[in-house]
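Single-structure report; data block below.
By letter and in written order, the chains are A, B, C and D; residue numbering begins at 1 in each of them.
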Amino acid sequence: MASQKELTVGVIGCGYWGPNLIRNFSSVKGWRVKYICDLNSNRLAQIHEQFPWTQPVTDATVLFDDKELDAVAIATPVSSHCSLALAALEAGKHVLVEKPLAASRADAEQIVLAAERAGRILLVDHTFIYTPAVQKIKQLVEAGELGDLLYFDSVRINLGLFQHDINVIWDLAPHDFSIMDYLFADKPVAAAAHGMCHFGNQEDMAYVTAFFERNIIAHFHVNWLSPVKIRLILIGGSRKMVLYDDMENSEKVKVYDRGVDVVDSLGGIYSLLVQYRMGDMYSPKLDTKEALRSEVEHFRDCILSERQPITDGHMGLRVVELLEAAQHSLESGGSRVPVRDMKTS
Amino acid sequence: MASQKELTVGVIGCGYWGPNLIRNFSSVKGWRVKYICDLNSNRLAQIHEQFPWTQPVTDATVLFDDKELDAVAIATPVSSHCSLALAALEAGKHVLVEKPLAASRADAEQIVLAAERAGRILLVDHTFIYTPAVQKIKQLVEAGELGDLLYFDSVRINLGLFQHDINVIWDLAPHDFSIMDYLFADKPVAAAAHGMCHFGNQEDMAYVTAFFERNIIAHFHVNWLSPVKIRLILIGGSRKMVLYDDMENSEKVKVYDRGVDVVDSLGGIYSLLVQYRMGDMYSPKLDTKEALRSEVEHFRDCILSERQPITDGHMGLRVVELLEAAQHSLESGGSRVPVRDMKTS
Amino acid sequence: MASQKELTVGVIGCGYWGPNLIRNFSSVKGWRVKYICDLNSNRLAQIHEQFPWTQPVTDATVLFDDKELDAVAIATPVSSHCSLALAALEAGKHVLVEKPLAASRADAEQIVLAAERAGRILLVDHTFIYTPAVQKIKQLVEAGELGDLLYFDSVRINLGLFQHDINVIWDLAPHDFSIMDYLFADKPVAAAAHGMCHFGNQEDMAYVTAFFERNIIAHFHVNWLSPVKIRLILIGGSRKMVLYDDMENSEKVKVYDRGVDVVDSLGGIYSLLVQYRMGDMYSPKLDTKEALRSEVEHFRDCILSERQPITDGHMGLRVVELLEAAQHSLESGGSRVPVRDMKTS
Amino acid sequence: MASQKELTVGVIGCGYWGPNLIRNFSSVKGWRVKYICDLNSNRLAQIHEQFPWTQPVTDATVLFDDKELDAVAIATPVSSHCSLALAALEAGKHVLVEKPLAASRADAEQIVLAAERAGRILLVDHTFIYTPAVQKIKQLVEAGELGDLLYFDSVRINLGLFQHDINVIWDLAPHDFSIMDYLFADKPVAAAAHGMCHFGNQEDMAYVTAFFERNIIAHFHVNWLSPVKIRLILIGGSRKMVLYDDMENSEKVKVYDRGVDVVDSLGGIYSLLVQYRMGDMYSPKLDTKEALRSEVEHFRDCILSERQPITDGHMGLRVVELLEAAQHSLESGGSRVPVRDMKTS
């Protein structure tokens, strides 16, 4: 089905994110958007005007039944991810799914297993992983420039649109959970979450802490009620530390040669044993390539070379597991909830 | 003892903060620094050179025994606050104590009761309360400009000096706990804390959440391991929201006419019931007066007019209670620990 | 020709800016893009793929000869503006011309006169005038909130693409000249300019000063050699002052209640007669509407209601006059060159 | 007179800056402040309270007549610099003079010659030269890291105190003129200045351009009427560029690996011959030492080792020459005025 020449894709869901997928699949070499699909025919017609070379359908089974179609991209509400992804995989399609992969750990596991069974590529759309900023930080981590990772601290807040079907954790934290998952070899073993529901019936702000076997801690502040937009990630390493400020126009990533030296002091218990170290900062030049474009190219390359995507189903599952643990903690007053690892299930 | 003309004070502890107290007591009208006191005679001599009009003593009992002395300022390590404060109050001195008031709730209560018994002024040096920024926010809160308070979120992080006797919560959080206590009429009923000790034997970073009877949540990130210095407080109100960025040279306080309106929708449960509102921002002009100077003047005025300071022993005690609850939570893996209120004890 | 239902436009020039015009004319109600035109047929084909509903032509006379076509938008290099605009106006088309209106004062005058003769709308694409930021500042000026205008200071610098046909003044200063022209009722009577040509054969950085009959001064720093991108305009008024920072994501416009009071001092000539005043700052909420979209709507409304655009040919001409005066000054070593006003010509 | 053990200094002028000199001379090893001097005996008494170990005098001749006194620091209004400096040098004192060195080129020359005749150290208090930021930039320049210097652009603006005796150029530009003089081996050969006097009788804002023999340009914006405080210097080099933002708490100096490459294109005149280059940025860690303290130590070292200070009389004279040229240009409507170099006089 997949040929070296051109892959075809159908995009299901033409809401907020779908058109971005259509646009990128349309402009990347090697892809052709064959179908666009939405239950709402008015919305479908409106999007079709922008992409007149696609075939609009309201019924997703048209895609699954088209033997020529290579891949399906699912950008529908999270509750429908599982059934659509399973149907697409069963029909032999490669699948790109909007984040989070599914509404529950059980559903996410089903999708991952189905993809493995079908021998098809499953890519979860954790777009941030494909940003030049995160790619650069990954390089720093892998080159050992940060030393041992000590903590991950993320703030993702703004005056956000209130969602009805999901709370602020499920809305915003998948970004940060996936970034941490990508950068940190260690995986969280437990999570605790506190939140507050001021309006409506979903938490509009929350604080999630993730715990590890080793001396690492991670923390996430997600908030729909902030007057200002902050997108700030701090990564502490034993050698260097990174500040990733996504609101900066340039200089999004700053690497600080700052840290702590443990000094072998002979001067008794009152002498300073732990000293901080201040050095230069540098901000690497970043590409300006759109992340979603890189992701769509990566999806193509993975299909053609039968490689696993960097945001594969396992990452998607780990993100859902952490979401679920945080949700359980939230519902139990903030207690520490284990994150079950697939390997141990 | 106290006269309209001039009050005398002795400053105990000439470490990092003591000289700031001496300098401000020296320059404010109505105060005269009679003694400076430190156990370390070398340090004492060094500070005496800067303030040659004071009398240096290594023994604090000289101050307590001087019947003419009106007040004592205690800027020693927290473990010695209780005994020094009690001795000073018993000797009939007015007392200014460095924050936190004491190392435990029990000690703090003792000091508060001793001050009440002695009929002397007890001022806890929560300096931030006297900053023009916090004073301005207090005015906004009291004028109802923010509406109902929804949350308090504070980040106080930098590459800090590691302390040996206290962890990062006891070092940094008293600032934020006191600011919240001053601004919020509601008081926390429970706290939860997570932290990590990467180096040395004290937590070098921690996250504290405070819970209230009503729909309010407060959160505090304190950290000695951040490559950058951030001092940021967000206060969410139902009408307006405040961002207080202490690292800004000017425009430290920004008031956002932004928030959430709950709309009475008739269109069924799927229609948007909660909408955000975006309006102007303004940044009030702030005084440039040094906070510690205002505090020392306030201490003088409270003594002369027999008024309670705005940072009185009760505030100091509430801060210690919250510290202690956070500490207990930290030690019990993050469980929710009640904050015992003095009124109910 | 013009009907209430739909106006048709042909866009000449499909380089950097043309596609933005095509996109906005395509999405604004009341406009239909009938033709797109470029001498380069490869480029034309490439753009046509994005806008397949348009008719691609390499010869602009097709547009002029189409009796049904209402308007022409010219986004070609500045040297061709004059001949194209004249041809379009003679053919009875309404014309939108990229900034600057023309390469010389003489050419610009010809276009303005031709538009008046033809009774057609001539809109110069000074896009910044249609930004929510400039519109808001205009409101402040007109409401008298700034008092008397004292100065206009602009910095527009970055590491820019070197142009071969025009220097940095002709490339960047039209933006600032038009903003000043829009906001200031007073018009400059002379200009002086200093610049430097480090590479290539065009000035890559320049400083332009504009002089007025009254006590107003304006200054413009344009630069292709700056390591950072700065887009900062300061407007001093006798009552308030404005800072317009176009690099800010939000809070682009800040209004400072700061200024100078001349105090009637009786204490002799050495006493302070001039005092500064510090008050609050506020940052008005701005629309997020794309400026070019507003401009294209305005062009439509002006045609339908036979009104003059706010960026009409006279503004376009004044901008060219100031450019020409600055250019003459640059070539004469920075001497003060009069800006001839059309009214006096 | 000068001994290895301790140098004595008398500080003349106890206005705004004098106390900073007294404080630093008092705290630096090797210096003892013997006299403080001011014509205003009330002010003198007030300052003496802070520095009780000094001898207050209202008559500067006491200092000149004291054979034991090594040095004099002059922090009086600029009009008195010449007579005081000449008297001090004639009395054999080493002299530190507040910037600018004198009110005219003629006066400045007299002082420089008098110092050379007397064989005494003359240090002009261009404090910024001693900041860690400027010292770091100097190192970068000398190491060739910036390549050939292309331009110097400075903005020094705020809502400033209006001066009666000097305009904004003489008030603020000496800082930037001295920094440029220190960093750039090339010296300006001419200057042009435009300004405006909105209030009072002195220019409250001005733009100064300096010209060089080679392809270098320098520009200075000084302004007492800005609602915000900006202290920004850009230095363009052919290899790297520097941004020095003195309002930043940390990261005052940023070095950009950005610039322009002239490409030898064979593709005809329309191909791009000049291309920009974007690389990393880094911000070197800076000392936190107070500049005036370094300066006072340097003054001591120069006296003891009979070396010329880095801010010697020749630099002071060059700054005054540029000020005078700018002033003449301002008075002649902005014409280009030669900067006479001492070497050619």
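Quick notes on this one:
Please note the rule applied: contacts are C-beta pairs under 8 Å (C-beta built on N, C-alpha and C of every residue); 3 or more make two chains touch, one makes a residue touch a chain.
Not measured: the values here are computed from a predicted model.
Judged by contacting C-beta pairs, the busier of the interfaces A-C and B-C is B-C. Seen from the C-alpha centroid of subunit D, the farthest chain centroid is that of A. Computed from the mean C-alpha positions, the centre of subunit A lies at a distance of 42 Å from the centre of subunit C.
As a whole-number value, the distance joining the C-alpha centres of subunit B and subunit C reads 53 Å.
Those residues of subunit B in touch with two or more other chains are numbered 228, 278, 281. Contact residues of subunit B toward subunit A in the complex are 150-151, 153, 155, 157, 159-162, 164, 192, 194-200, 204-205, 207, 209, 211, 215-217, 219, 221, 223-228, 234, 236, 241-243, 254, 256, 258-260, 262, 269-270, 272-276, 278, 281, 333-336.
Interface residues of subunit D, counted against subunit A in their complex, comprise 251, 257, 278-285. Residues of subunit A that touch subunit C in their complex: 52-53, 228-229, 247, 249-250.
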